[in-house]
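Before I ask anything, let me first share the structure, which is written out below as structure tokens.
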Amino acid sequence: MKTVISRSQVKGDFVSKVAEISGENFFDCYQCGNCSAGCPSVDEMDLLPSQVVRYLQLGLEEEVKNCKSMWVCAACMMCHARCPKGVDISKIMEALRVLRLREVGAEGHIDVTDFSDDYLARAPQIAMISGYRKFLPL
Amino acid sequence: MGELIELTGLKDGEPTSCVAVFGDHTDFESVPVDRRVMVIGAGITGITSAIDLGNAGYQVMLVDRLPSVGGRMLQLSETFPTLDCAQCTLTPRTVESGQHPNVLLKTSCEIEDLKGEPGDFTVRVRQKITYVDWNKCTGCGTCIQKCPSKSIALFERDAGRMTAIYTLSPQAVPNKPVIDADRCRYLTKGKCGVCAKVCPVDAINYEQQESFFEAQVGAIIVATGFDIYDWKNKMPEYGGGKIPDVIDGLTMERYLSASGPTAGAIVRPSDGKIVKEIVFIQCVGSRNPEFHKSYCSRVCCMYTAKHARLYKHKVHDGQVYIFYIDIRSTGKGYEQFIQQSVSEEEIVYLRGRAAKLYQDGDKVMVQGADTLTGKKIEVAADMVVLAAAMVPNEGARELAAILGLECNKDGFFKEDNYKLSPVETGRQGIYLAGCCQGIKDIADSAAQGSAAASKALVFLSSVRRQKQEAV
Amino acid sequence: MKKKLGVFICWCGSNIASSVDVDKAVAEAEKLDGVVHAENYMYMCSDPGQQLVKDTIAEKGLEGVVVACCSPRMHENTFRKAAGSVGLNSYLLEIANIREQCSWVHQNNKPLATAKAVSIIEGTLDKVKENLPLETITIDITKRNCVVGGGIAGIMAALDLANAGYDVAIIEKEPAIGGHMSQIGQTFPYFHNVPELLQKKIDEVNAHPRIKVYLNSEVEVLDGYVGNFNVTIRTKPAFVDPDKCSACGKCLEVCPVSVADEFNRGLSQRGAIFRYNQTEGARIPVLEQRDCLHFVDVEEAEMDAGAGVRCRACVEACPENAIDLGAIRTLSEEFVGAIVMATGYDLYSPAKMPEYGAGKIPDVIDALAFERLLDPKGPTGGQVLRPSDGKVPKNVVFIQCVGSRDPERHKAYCSRACCMYTAKQARLYRQQVAEGTAYISYMDIRSDSRDFEEFVQAGMEEENLVYIRGRVAKVIQENGFLKVFTSDTLTSRQLEIEADLVVLAMAMEPKAGTRELAKKMNVTIDGDAFLSETHIKLYPVESSTKGVYLAGCGQSPKDITDTVSQALATAGKIQLMFSNETLIADPLIAEVKNDICSGCGICIDICPYGARLMNDFTRISDVNQAVCQGCGACIAACPNKACELINSTSRQFIRMIGDFAGKAEAV
Amino acid sequence: MKYPYFPGCTLYTKAKKLDDAGRECSLKLGFELDELKDWTCCGATFPLVNDQHITMSGPTRILADTKEQGNDKLVALCSVCYNVLKRTNHVMLNDEERRAKVTDFIERDYHGEVEVLHYLQVLRDEIGFDALKEKVVKPLAGLKVACYYGCLLLRPVKEIGLDVMENPTIFEDFIRALGGEPVEFPYKIECCGAFQAVHSMDTATRCSRDILNSAKDSGADLVITTCPLCQFNLDDRQPEIQKSDPGFSSIPILYFTQLLALALDLSAEELGFERNLIDPLPLLREKGIVS
């Protein structure tokens, strides 16, 4: 399938919003792939971290909006720590998640009561809070 | 069409009086042959060699087949990575070569034959017909202002017009005109003769004949430079030159140039509209061993990034796309230049060769790919700029045959040893510099120009020592 | 008496004319005090433009000229020369910079830019009014050279200069010349034999009557100025007398020390006394004081116990009595007219890359170490063997851009040569180990000179090099294997490669000590400590100090070919300087008013060029005309206002500032 | 010496043992963790997008309290709290616009005056590992310890700066001071899957497996951590790992304060090992560290 790209797409509203709230300039990225090489969560991702930035560079909004990778990212910041251009992908992933979560609204977030009592008895609160803040239910 | 400005830069009816600048030249034959050098090609490389040698007290004959010196750099707008204006960098050098008492300019000349030995060559040179007697001409420019025949000009890469009697630029050195026989009304149709009528010193000579002269020199530096690959005839997939809004990089230089046909405005050749979506395609004919040239043309990555940046300076809301295979920015400060350009100008680099261009309404459709997303990409562009391969200048093989030099498969002159004798040839006394040996940028070319000059100096001083010892 | 003044305003194409109304500027300039002529032209620096200036000077008898155009760095000389050619003293012409300082920075406000341009012109006119006609200063030239660094750049520059008939002193830090090139076996793109090529040149240097080589030496002090430098050279103590030594090698056998051999990049061990490398010239052993037990501080207790008798094993073993541990360092002097800085590069240290093992995993080596493995005279006899266990590696991963193209943490620049030497190393490895696999991690393949692209493509086609587009995140050692974590951005996969050997194409950085040396030589450096050229296109081999030239990787990373071209270019520049009997310098220098100077000497300390000297007889601080660069530091520092810069006096500047400030108020 | 101390929610409940041991040990080492009055939750996540300020109000209030209670330092034990507090403080110091927004909202005057310290930093920089070594009563001789750093103690590099990101040593130095033997293992700075434990459990399981295998391959007897979430993932994922890899042998996961307590000869019974899924006691007995 071919993809048509244009000025309006590269400068599209969604992409611009992601750039704005993440504070990252996608065009700083020169696609070296170091982030993808070191990311611990790639096995469960559909787009590599470097590809998420790539799709944003090209303004491929739908693919990025619907990607699974943002939900798999654990914000471990290894990508940022090693990025030779200083791009913080954990912020970009968060921006993508946040925009989706804002769209869904509070009721759409993970409901902690869905977890088993056993699980809740052991899992630390920080996991629960992060889960609520960052994720949609699977 | 965008508004074309007059190339002469002179105000109407105000003839300036220009005296021949190289009249105060020291006599070429005033020194022995082992103190004379011929430099073939008067681009930035040849000029650098010539001035170096001239400054060292040698007599230099600087030969070029064009009517004035400066070469390709004359056509450029601004140069990477400092964005210095090319004219401002070049002009002092061309002026210096014209005014240097030890440098004799021989423009509109071609090499016919070589005889003799290293240290004492005899070069036969053909002086082409210019239809203007330069001994009489004062360079006043009246003929150029009055010439009624204005047509698409090669120097402007077909993007602008020039008169049939012309100088290559308002700052031409020597600043004396020649007539293009193919475009001159008098020479093609037998009617007109305006230039002859207005010339105050009777310098126009429609009957001028070719002439020949011989120069005796101790050493020769070859700096014949490059040309652009003939993509118009050889690359039908990019429109074969038939899509008006597809141009090559050197043409883009003319568009970007303040003294170019649009005075620096980036407008579409087809309808003069401002370009909002611009696609650059790199490696056009380069790195393509199957169909075109197997080598990399070295400077395209940098000049394309520069084009993109200069374009964005002029069209702030425009979008740039660059199709590339690898970004090659290896010189001092080059990598930083590219990275800064991408970040600041938000240039979309697409990793993949563009396969095809076609006209669709008033847009040029670019079919390409991005191997990083794994997608086939299409862009509807207002204008497409091809970074076409650079090839040895026309006639390089013939010159090689005359001088007894070797060429490689692509027609580049071969040096003696790639690593340790990069400017020496198989023949003693003949040296190479600049793009005729392999494509390189201005900085590397100029450095090589100085290196070749150094080799010629060393060689000629050894010739003199041998002579002294013999005595 | 009023000077007749002329003003010439350049459009610089559209560079100036698009923001400054050049016609209005002419009209305004015509009104200014003393101006008898003003006009504009599209390119004033062009031949007809200059002619215009010359003709007008002659016709109207101008006594002072202001050319309003680009920075004086560009064309001050051009126009001064033109003025001089028609009999106007060159120093009565001044440039008013209305491009860099006006049109370029005020692109969106034409009226204001025009007003500013006029005020710049007015100020400059006021300066010209008080300018004195001056004569240039002539300086004698010592037609001898000094080349700092005996790598291939230094060798080639020295040979050209010597062959042109000038004496050359090469100063080399190491015990042999040849530099990094002597660590390399074959070249790209033609697989030429480097030792053969290089040895020829080294022999030529050693046999040349005009070249003197100072080994184990460094520049201690640089005095003087262009044409007349005085270089003090510090040479390490010569513990081994080359005239006595028979190169028998007995000392090497008895030395109890064993340290990593730097020349072999730590792939072999050497003693404190050792042969620097395998070349003919290095047959005489050298003794490294730093490693030698004789010089190590022995604790007193040990001395008392009798165990501390200082080691003299080599001295005792030497049958020729050639070793003298009491030798001391020597200082020599060279008087030269020009200097070539060919100081070269080091590889960035793998220790700075903890993610790749920080230089601690034995089978992760740098590219020069790999060159040593390929060298038939190297530590493995040319066999590619793993340092850890001496086995033939079957999977080798080459990583490019290690430390390069990494503005965030390491070096922002590209090291230029790595793409090609990596391709070469991988090809040579595959030619040697038929069943091996070579992976190359890259971002962009930069094979941008003649036949380079073909060389890389041939590597893929003939040696099946596996190029993987992605930067390696991490190399770890696990169960005796190396694991390389990378990605392939083209298939969008994260990859884990099991490797036997990893070769890092480390960034090239200026040789250690370049910063300090540059300071001694008064040569400016850039942020990465590379030596700065004056102008990348026009003066690529000229340093910021006149008479000091640059060649090779000390200026920026480059391959051997480009290094040699640059070296030859420096030789050319020096030859043309030497083709004159004297040099000409600008007289725009400091001047001392003898009746005001109190001889306090503050100017002497402040002068960065060493141009100010106390006259012991008059007790007045003199100016060395040849050395003074007219920087003005002494003028600012002088408490008595006894110094003035000729043609840039305080009076002139105060007037100029008055002009600018006055205009600013009006606006 | 008293240090203002922020325990955080998890250390009051599920990671009580991390907290208890930390406090007990400090007394033995000659300093006191002085619990901040009226502390609230740190927010548990640092907001990674620029337009989200509300989650910074919690940590900012904590920092402002610390300042108002007359302190210029604040010690945390939990890596998550440490990370959130330190990053928030970084914003307070360096981003005037965001600082003003947050402090205006919570109506407090705070400009980043408090220095946020991790307990390990106190040991290294204020007490000194040499001094610690002298206080050790029962050296952990023969115990091979994998020091697992995880993410939040090290990253983001410029904001945290506790140690060299790629090759940190503070944890190893700590173990050496206790007389134990730290083992180098390549996965010591990789992520355990973090809060994917409530979302993409597979990720957490796989990440934990890789880390544990790497530690065991390097010869470790046990793994220590500073983070309740790391401890949870590494400990509680082990049964799951065993399901897909029956050959997987379990390995105990301890908090670093628990080992510290053992070395200072605190009673093992008080260290809450019963909460560990993989019981460390058999190992500790075998090594002669507890009887």
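Labels A, B, C and D are assigned to the chains in the order they are written; within every chain, residues are numbered from 1.
Criterion: contacts are C-beta pairs under 8 Å (C-beta built on N, C-alpha and C of every residue); 3 or more make two chains touch, one makes a residue touch a chain.
Everything numeric here is computed off the predicted structure, so don't read it as measured data.
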{"item": "Chain pair, A-C or A-D, that carries the greater number of C-beta contacts", "value": "A-D"}
{"item": "Centre-to-centre distance between chain C and chain A (centres being mean Cα positions), rounded to whole Å", "value": "45"}
{"item": "Approximate Å spacing (C-alpha centroids) for the pair chain A, chain D", "value": "26"}
{"item": "Distance from chain C to chain B - Cα centre to Cα centre, in angstrom", "value": "30"}
{"item": "Distance between the centres, which are taken as Cα means, of chain B and chain A, whole angstrom", "value": "50"}
{"item": "Per-residue multi-chain contacts in chain B, two or more chains", "value": "327, 339, 372"}
{"item": "Chain C: positions in contact with at least two other chains", "value": "355, 405, 407, 474, 489, 492"}
{"item": "Contacts with two or more other chains, residues of chain A listed in rising order", "value": "30-31, 43, 50-51, 78, 85"}
{"item": "Category of the chain touch graph - line, ring, star, complete, other", "value": "other"}
{"item": "Residues of chain C that touch chain B when the two form their complex", "value": "12-15, 18, 42-43, 45-52, 55, 70, 74-75, 77-78, 152, 156, 160, 163-165, 187, 189-190, 192, 194, 197, 201, 405, 407, 412-414, 416, 444-454, 457, 489-490, 492, 530, 536-538, 540-541, 555-556, 560-562, 564-569, 571-573, 575-576, 579-580"}
{"item": "Residue ranges of chain B touching chain C (in the complex, touch as defined)", "value": "9, 16-19, 21, 44, 52-53, 55-57, 79, 81-82, 84-85, 87-89, 91-95, 98, 139, 170-175, 257-259, 263-264, 286-287, 289, 294-296, 298, 301, 326-336, 339, 371-372, 374, 408, 412, 417-423, 437-440, 442-444, 446-455, 457-458, 461-462, 465"}
{"item": "Chain A to chain D touching residues, read off their complex", "value": "20-23, 40-41, 43-44, 71-72, 74-78, 80-81, 88, 90-91, 93-95, 98, 110, 115, 122-131, 133-135, 138"}
{"item": "Chain D to chain C touching residues, read off their complex", "value": "164, 166-167, 186, 214, 217"}
{"item": "Complex contact set, residues of chain B against chain A", "value": "276-277, 317-319, 321, 327, 339, 342-343, 345-348, 350-351, 367, 370, 372-373, 375-380"}
